[in-house]
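So, here's a batch of structures to check.
The same subunit A turns up in both complexes below, where it pairs with subunit B and then with subunit C.
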Partner chain A sequence: MPLSTQSQGDAEQYVLVASLDNARNLSNILKAITFKDHAIFSATPNGLKVTVEDSKCLQANAFIQAEIFQEFTIRDDSVGFQVNLTVLLDCLNIFGGSTVPGVSTALRMCYKGYGYPLTLFLEEGGVVTVCKINTQEPEEPVDFEFCSTNVTNKVILLSESLKEAFSELDMTSEVLQITMSPSQPYFRLSTFGNSGNAHYDYPKDSDMMELFRCTKTQTNRYKMSLLKPSTKALALSCKVSVRTDSRGFLSLQYLVRNDDGQICFVEYFCCPDEEEQ
Partner chain B sequence: MDCVVMGGNVKVLAKAIHSLSRIGDELYVEPQEDGLALRSVNSSRSAYACFLFAPLFFSRYTVHSGHTFRCKMAIKSVQAVFRSLASLEKTVEKCHIELDNQNNRLTFTLHCKHGLMKTHNLSFQDSESLQAVFDKDSYANVFRSHPRLLVDTVMHFPPSLEEVTVSVSDERMWVRNHVEEEGDQSKAMLTELCLASDEFDHFAVQAHNSVTFCLKELRGLLVFAESTGLPMSMYFDEPGSPVVLSVTDSVLEGNFVLATLSDDSNHRKKNNSRGAHTPPPPDDFMNDDIDSYLIAMDTSVAPGPSATGPPTPQLADSICSKQTAAASHRTRLHSEEEEEDKTTDSGRPLNKKFCSLFFGSVLPPSPQMSTQPVSSQQVLASDSEDDIQ
Partner chain C sequence: MWCELSQANFSDEYQMEGGGRVPRTTRSAWSINRVVTHDVPVDVIPRRLWNEFKEPSMPDFDVSIYLPPLKTLKNIVDRMKNLSNFLVMEANLSGEMNLKIETDLVSVTTHFKDLGNPPWGDEASQEGGPSQSRDPEAMAQARVDIRKLQQFLMGQQVNPSKAMCNIVHERVVHLILLHEDVSLQYFIPAVA
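Let's look at the complex of A and B:
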């Protein structure tokens, strides 16, 4: 394979080298968080975390573990940089992104460190393309201080049922209200639009509800415009966990299976629009 | 009101609502003793549709006797409740429609699989009763066929086509696109289909008439009829009288009433150049005489009973024909608006105008009505108490 011949010679100069036989295992999951141009990449020996933020109120993270990559070499404890995510995705799909079975784009992503561009070697059908994308100083992602000990309510739903609800949500509503309660209505999504209000209720004993752990009744509203991008992650996922903490902050965690059946995670954090207890 | 629709009927209800949305922007809801009536009308009041669902359509149907409830709401809001027809079939078990008097909302609750419940509380406005007055059983020409026949016919016309003309003889029906006389004839494409009477389940012609109406508004009903497989009936009389298309089964009845171009005999008399009307082309479709064919195409209306004939009985035909240009302003369809420029000569009536359907009872008269001089009109101001259907 042409890409591997380069690894011996210049392995020393790169702080991060990550290879994938199928670039879609990275590009598909990145599409689920592309609502802003710039993404913060943070690599540790555990794997790659890509963060996108919107106005300090919404944060999306995609986690791709080291095991997903065919090669994942990192020289420091942590490597971080910021790139234009749209450009990166364009490069990953440079061969047209066709889904002919058996044909995939191979990727080798290399980074020399601070000040250097992110280099992508992409190969398909014997054709190799080299892309160099300028990197920026990574911004510090907002710490939403969402810890599992502070979680008041948690449910895990099969994505199938939520997908339908999200596709039907009344977009004339400025907010999406989420009610979680140990009693009726258990788990409710509400919208308040031009023609009236709408509620989607999921009972705790539904077979779509894999886990139901609600300790107290909470109703929180979130800006619809902030949550809209999460539908991309929902579309890719098979399960989603919805958690709220005592402040009303929302955490959505999506379990995504890639082309090879491996598991990756996408997580969305969102601040409440107003607090209602 | 309080009613429950089960299983497959939810999809039928949804399809009816979607087809009504092709007519107008508002849905008129009127729960009656004999069933739930859902109606819609277009802005120029030249197309009207009504679906009546009998109490048997529902697994529960309760109407509060005494105060009659009538409302109208934006049809888009109701469509949003039944957004995805495919998923309706797969996931919805029942639909509960209930009037929430306290909050002034009409509540649609969809009970879906896996315990999921979708509740839509829609706001509405009180409205007057909307009922076009027509008596299809008195019309001269009646046809019935599987909707497939009409769908296949209509398929040959472009989706943008506004008006279509249907002409009949004892054994044949011709359907052709209606082309403006003033338009550029050389650029117009004329399409005509001929259907034989044996393609219909029922073909009864008493008058060899031609009627021209707007096809677009009909397409909604065609989609509904095709998906439910119910036979479609078509009724029409003379030009100017509406054409009625309906689907019926034991638990529902849908009627689409479309205004037709009126037969302007006054104009014909004044304008000799238009010539005598020729009958529809002979049965032999292989007639190579292009000239006579084009002459037949040129006439927009076929001979029918004269518009200035004796007034028809009140009960049977209460559609008004406006004979004067002044009154015709209010009956114009949006697509005809460009013709306003041509009516500079107030003495000369327009050579085409769609009639507004006559609506019975309590709709307030249009503001223009009172200011227009009205002469030689066949308006039949039926009693407001009349409840003719």
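Let's look at the complex of A and C:
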């Protein structure tokens, strides 16, 4: 049955209905934050936010605005639930995630509210798959209290410049050290591994540096194991903003263009490693 | 699994050497520039034991249906394998087939339509009468181990001219691939 008439009769009972002609516009961005099994979904009339956390020290958020969806209907001010993200991704890619041009999986995602499963209707080439994924009560995401007024240093870089560095990062180093300064070395990534130390410097007048706003020299270390998943978001993105606040908390914001050229954001927050300077 | 190969298609020369050591068949193929020889070790089965190796007979199936494109089926079954170890295959005489999995975490159902049913599906039952009055919408189903279905689907590199499936309700799924002179039949028993 065509997805559009699927729930005409029961549109009333869903608190959230979101449709996409191309399910990849959701599944690709979710892959950028899949490092834990569970994700918190939070929907408002503005769109969908999906949050994944690790040990209260790392938080990743994916934002997909309502305009990205072909249909986005929400009955309450805010709808939230928690769901197994790996299961959700397997369902979104049930037809194999083909990259044949012109062939895409259509998605209609429906939720009836607390206690109900998340229902996905997926269609490709006339074949329909219905998935019902159990939901749990959403946990409250950590508030990192990262506010723009407290930002000491900010740079925006073209992602291609960081991709090479991140792919070569010495994984034997327990930490990734980020130095930001109004003077040399401006922006530096450092690792301290078994074979030695490595530094990646990005001068402030580099072509890759779109914005450079550093007010004070700061050096902070972050656990490599926490930041490593952010490489997936980096791979998808065209630009990344790196900000630190007075406490040394890190905010990485990635600008991602989907298959249709529309913009979505992925954001990572990370606490500094405790044994600091 | 039971596979029949017509000898004539595979070689111009087909030799069996007994000899006291491991018997071998040697196939040789000639082309303009080269000769390719394959030595395939075989166990020769004495004639007195031939009865034990009979082609499995076609079971009295409840539904017979053409399979959807094997590549599509393989993609879906591969993903379902991530979610569950068992899958229910069901089909009816109206050309509809469903694949279903159900676990504590998730339930997934894929619906195929307009697949078509082979014409001899209606004569399935040897007794004649009962099957003709089978409700075309009624589903015959069997729950099978996904890995076994995956194994069958891995053979889809050969593009079969016909692929079909017979289901004996809650007993067995019988899959048949036909390609020129080769037929491949695959029986998957149902599990509880």
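Quick note on the criterion: the second predicted complex is superposed on the first by the 271 of 277 C-alpha atoms of A that agree within 3 Å, B and C clash if a C-alpha of one lies under 4 Å from a C-alpha of the other, contacts with A are read in each partner's own complex, and residues count from 1 in each chain.
By our rule, a residue touches a chain if its C-beta (ideal position, glycine included) is under 8 Å from a C-beta of that chain, and two chains touch if they have at least 3 such contacts.
Just so we're clear, the structure is a prediction, and the values are computed from it rather than from any experiment.
Residue contacts after overlaying the shared chain place A:Asn84 against subunit C, while subunit B stays out of touching range.
By the touch criterion stated above, A:Gly196 is placed in contact with subunit B alone, subunit C being left untouched. Of the two partner chains placed by superposition, only subunit C is touched by A:Gly96; subunit B is not. Contacts of A:Asp207 after superposition on the shared chain: subunit B is touched, whereas subunit C is not.
By the touch criterion defined above, A:Thr129 lies against subunit C but remains apart from subunit B after alignment on the C-alpha atoms of chain A. Look at A:Ser161: by the touch rule set out above, it reaches subunit B but stays clear of subunit C. When the shared chain is aligned, no partner comes close enough to touch A:Val142: not subunit B, not subunit C.
The part of subunit A that touches subunit B in the complex is made up of residues 161, 164-165, 167-168, 170, 194-203, 205-208. Residues of subunit B that touch subunit A in their complex: 73-74, 76-77, 80, 83-84, 87, 91, 105, 114-123.
Within the complex formed with subunit A, the residues of subunit C that make contact are 68, 72, 74-76, 78-80, 82-83, 104-114. Within the complex, the subunit A residues that touch subunit C are 84, 86-87, 90-91, 93-96, 98, 117, 125-134.
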